[in-house]
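In what follows, chain A forms one complex with chain B and a second complex with chain C.
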Partner chain A sequence: MSQELGGVAGRGRLAHGWTIVATYLRLGVLNVAQYRGEFFVALANVITLATQFVGIAVIFANTSNLGGWTPSGLIALIGVYTILSGLIAMVIQPSLQQLMEGIRLGTFDFTLTKPADSQLLASVAVVSPAQALNIVFGAGIVGYASLRMGTTIGPLQWLYFCLTLVFGAVIVYSFLTLLGTCAFWWVKVDNILVVFSAVFGQAGRWPLAVFPGWMRIVLSLIIPVGLAVTVPAQALAGGLSGWLVLGSAAVAALFFAAARAFWKYALRHYTGASA
Partner chain B sequence: MSGAAVQVEQLQKTYVVPERDAGIKAAMMSLVRRRTRSVAAVREISFAVEAGEVVGFLGPNGAGKTTTLKMLAGLLHPTSGRAEVLGYTPWRRDRDYLGRMALIMGQRSQLQWDIPVVDSYRLNKAVFQIGDADFAARLGELTDLLELGELLRKPARNLSLGERMKCEFAGSLLHRPQVLFLDEPTIGLDVAMQRRIRSFVAEYNRRTGAVVMLTSHYMADVEALCKRVIVIHHGTLLFDGPLTELVRTVAPDKTITVELSEPNTASRAELATLLGGRVAEAPIEETDTGWRVKVPAADTPAVAARLLTGLPVTDVTIEDEPIEAVIEKVFAVPAHDEAHGRASDEAEVRR
Partner chain C sequence: MTAPSRTRPDQLEPAPDFSRFSWRALRQYYRGEFAASVAVNVAYRGSVGIWVVTSVIQPIVMIVVWRTVAGPTGMVGGYTAGRFVTYFAIMMLVNHLTFIWLMWEFEWRVREGTFSPLLLRPIHPIHKDISDNVAYKMIGLIGILPAMVILIVAFRGDLSGMDPLQLVASVPALVGGAVLRFMIEWVLALSAFWLTKTTALNNFYMSVQTFLSGGFAPLTVFPPLIAAIANWSPFPWTQAFVANIAMGRTTGASILYGYGVQAVWVAAAFGLLRLVWSRAVRRYSAVGA
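Entry: the complex of A and B
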């Protein structure tokens, strides 16, 4: 036993974390038959995307740029939005929903008895692999947009794109986790997630530049969905400065730290569902 | 703290619960200003459990049993007091501790609903970092002991309650916990399955020397598994000691039932004379075929002898009070808040 535990420490927490994520992904794939319907829902998203493109076409029939964004830039932005929304729908949202359900029913107790990071366990608890389709779509759209731009995007800007996309994912994850953690106090917070989906669905599809000044601040720092989507797309559309990449990293780090701290605070106040 | 496997000192947990009157007006008011009330679920309890012990937690619903177990399992932070399990403070949730502990709740499932049971186990394998060889060996052993066989390939949602519970046990024990917290593990199970689970828990305790702390409303569980019981009521520890001693303290009487060859030839007065002395005040009850009397345990042999010689007895039985009745007596104690001055009564029962 002690040997085993010694080995545990040696292998490190990071490796352990990855094993857990990989196992949940595998479980998600095993569960895939249960979610056959979701493939169709994911495919139906094509219709939403098509209406987006129609919207862009209508706008650019009248003007050649929207707040400094070209049609190709906006298509790249839709690609980023699709990737992030795919990630939300694939793992973040279903896991948070399970967390809320678990807190309400008391099964979250089991998460806390596991010798692993409880936030990690709660965050990857449900994987819906069908939604990976959206991530693939999104990547395809980004690829198409970059070709359509006609200019060569340098390796540095691709690097910035990848980095800020990861930061965007961290921001969205942290923000949703902050909301979901409220379930430790309020029994029903599903509605908060619905509100987030609405804000993300509406505001996330457009570059920050089209919004009035105060809303840009809200969408960058308070409900940072705009920041999460616009910055990576900007890397491809017009180029990013290193400072903006750092800024994006700072916002991501701030939100992640806040989500982490709030989670730990919530655990101390966890009362469990009564028997 | 000492070398005991579980050491609890002055542990206390107070919940703050929202409270409001009935009706729409009160509901609207509670939106603006939530009224809350503090409820002491566990009040300064202390006890110690040695390695290898199986201890039963007894108490009516809401007594604080589950809250205590959850604090020891690291789920809840206490309001005050200390606890150490295997040398760890549970609510710090040290991974080494969590890797040696298991909590099994009869009313909740940790199996993944839609996938075969064995796939849920693989998740535990990853989380508890169980090596391939250990996993295979332990799963084999648990499969034999619990006769899991085919069940492992079925999704949890297709299992009966009893089957699911067996699978819960196997899944929770794959990492060989040294401390086992069982919260109503046999609830809702049929008698045969209850017996099955009981013998399994006893066997696990025998094989691994793990500490087992269990709550149950089925006294058969407690009688079969626990030599020692801790009685909690209204969050206060009322008794901690051997089950037999609890019975002796709370229900010091035995029941003697005699069947007579000619029913009721003896009158109540004659019987009272036969019983003699202070025993005569004991409750006497007439049955279809004879008499039933309750006498203090110490007087039982003498009284039984007198009955046998003085009456045309064809059969005699001497019984302890059923354990359920004993427990009911313990729980008849009103809450702390309800009756001041109960403390002295409780002190009598407490060791």
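Entry: the complex of A and C
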């Protein structure tokens, strides 16, 4: 018994955290069996990918490169975008919706009573695994793009790709958590999320290179969706320098720390909807 | 063998009869409903503002992309960088004045049963939707018009070729386009009577619509096959056609031809709307009612 308790404290909170994530994932799978219609929603998102490919075809019917990007590079970028948007739709967005709903209705108070990290609980509260289909398709598109490039991509660039993709996911997660945490003060933040989806859905599908200078700064450091999508794609399309990987890591660490600090600050000032 | 008393549901309940109405009553209804909608939109001006912000993002991105394709001095499909700016700025206005959001609302209307009170009124529910739509567009213009000017100034749009006569000619095209798009998307919204989840269908429609209407690029930059598909669809006649008249790219007899195409599509869409509506409303049984 004492050994078990020691296990939770000693073996690390990481393992405990992983148990929580796995549990919610399993619940999500059970849910998808219940609402099969959602699977078709994810499938329709895949159909909309087709129009993006036609869009790329239209652009490259008129030019040979877009701000230095080849067709294969842009396809890789769309793959990264699809992976990240799948991740948002699978767990980040639905969990945030639930968090905001919970704060409004007072059910979030139950989350706080659970013996685990509240931010982790709130972040994986709702999982819709049907959206994993988007992640799979995104990975497929990245694979197709890497074959289409004709040049061999070195193992170092694949490593950079994987690293910066994780950083991109961290950036997007942290940014959305920062926005969602605002719900502790302003109950209605759905509208801010709508603006984020519009920026991510429109600007996130294009490389940073097409934007004028001031917009690049906004999309890298203020609403860093451009950075999150462009840098991993760049690793495959043209090669990344180690400095850019470090820079991307720094932005991810900064946003993650900010999201964590803001969450803790918000909880300290949270009095509960029923109180 | 089913019992003789069991008939198909559409034979049981006659569709609501909205064919008897007086123009005077309708006018009064519109005046009241419009005033109420304006008041609602003024009350929720924050949300209207957010929607204006989101509708500016897409044109900005398209401008940036196509400006890069054209380059500082080059020309693509008859468009220089400056012309692309003007095109997408005008398309933003046209999109604002023609879009409807009802296909996202009908799912909820049917599921929650909020459609029932609308059906009980002695007036066709479409009239409420039309007047809500017009009211929202009027309030939204307060944000969209300055945004359009800012886009043109900030990205140095090229206004050559625009003249007052062309602008006048674009107004009937705009009205025709708005009517046509309203009908198409209202029919799409009615799919909620058959499907419990319409998000998938709506997303699919939106991506095709944005592309074929000219929201992604002017039709002249499309490869010939895609351009032909677009021109045989109703979508460019709701948006790109209007922008092209305003920019002075479509002139003379082509404008009259375009009006004609719009009229044909409006007639077809009207027929479809009546057919689908009469079937949809018979199918309706508010969940929980």
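Everything below uses one rule, namely that the second predicted complex is superposed on the first by the 265 of 275 C-alpha atoms of A that agree within 3 Å, B and C clash if a C-alpha of one lies under 4 Å from a C-alpha of the other, contacts with A are read in each partner's own complex, and residues count from 1 in each chain.
Heads up, the rule we're going with is that contacts are C-beta pairs under 8 Å (C-beta built on N, C-alpha and C of every residue); 3 or more make two chains touch, one makes a residue touch a chain.
Owing to the predicted nature of the structure, the values given are computational and were not obtained by experimental measurement.
**Q** Under the superposition described at the top, does placing chain B and chain C together on chain A give a clash or a fit?
**A** Aligned on chain A, chain B and chain C fit with no clash.
**Q** Touch check for A:N45: first (chain B), second (chain C), both, or neither?
**A** second
**Q** By the touch definition at the top of the document, which applies to A:S64: first (chain B), second (chain C), both, or neither?
**A** It touches nothing on chain B or chain C.
**Q** Taking the superposition as given, does A:T152 touch the first partner, chain B, the second, chain C, both, or neither?
**A** Touch status of A:T152: no partner.
**Q** May I ask you to decide whether A:P212 touches chain B, chain C, both, or neither, giving the answer as first, second, both or neither?
**A** A:P212: touches chain C, not chain B.
**Q** Report, in whole Å, the shortest distance between any C-alpha atom of chain B and any C-alpha atom of chain C after the two complexes are superposed.
**A** When the complexes share the chain A frame, the smallest chain B-chain C C-alpha distance is 8 Å.
**Q** Which of the residues in chain B end up touching chain A in this complex?
**A** Per the touch definition, chain B meets chain A at residues 15, 61, 66, 70, 73-77, 93, 95-103, 105, 107-110, 112, 114-115, 119, 122-123, 125-129, 131, 134, 176, 178, 183-184.
**Q** Quick one: which bits of chain A touch chain C in the complex? Just the residue numbers, please.
**A** Residues 37-38, 40-41, 43-45, 47-48, 51, 54-55, 57-59, 61-63, 66-67, 191-192, 194-195, 198-199, 202-203, 205-206, 209-212, 215.
**Q** Spell out the part of chain A that touches chain B in their complex, as residue ranges.
**A** Going by the criterion above, the answer is residues 1, 4-5, 7-8, 11, 16, 19-20, 22-24, 26-27, 30-31, 34, 105-107, 109-110, 112-116, 118, 121, 268-272, 274-275.
**Q** Taking the touch rule as given, give the residues of chain C at its contact with chain A in the complex, in rising order.
**A** Counting only chain C, the residues touching chain A are 46-47, 50-51, 53-54, 57-58, 60-61, 64-65, 68-69, 76-77, 196-197, 199-201, 203-204, 206-208, 210-211, 216-217, 221-223, 226.
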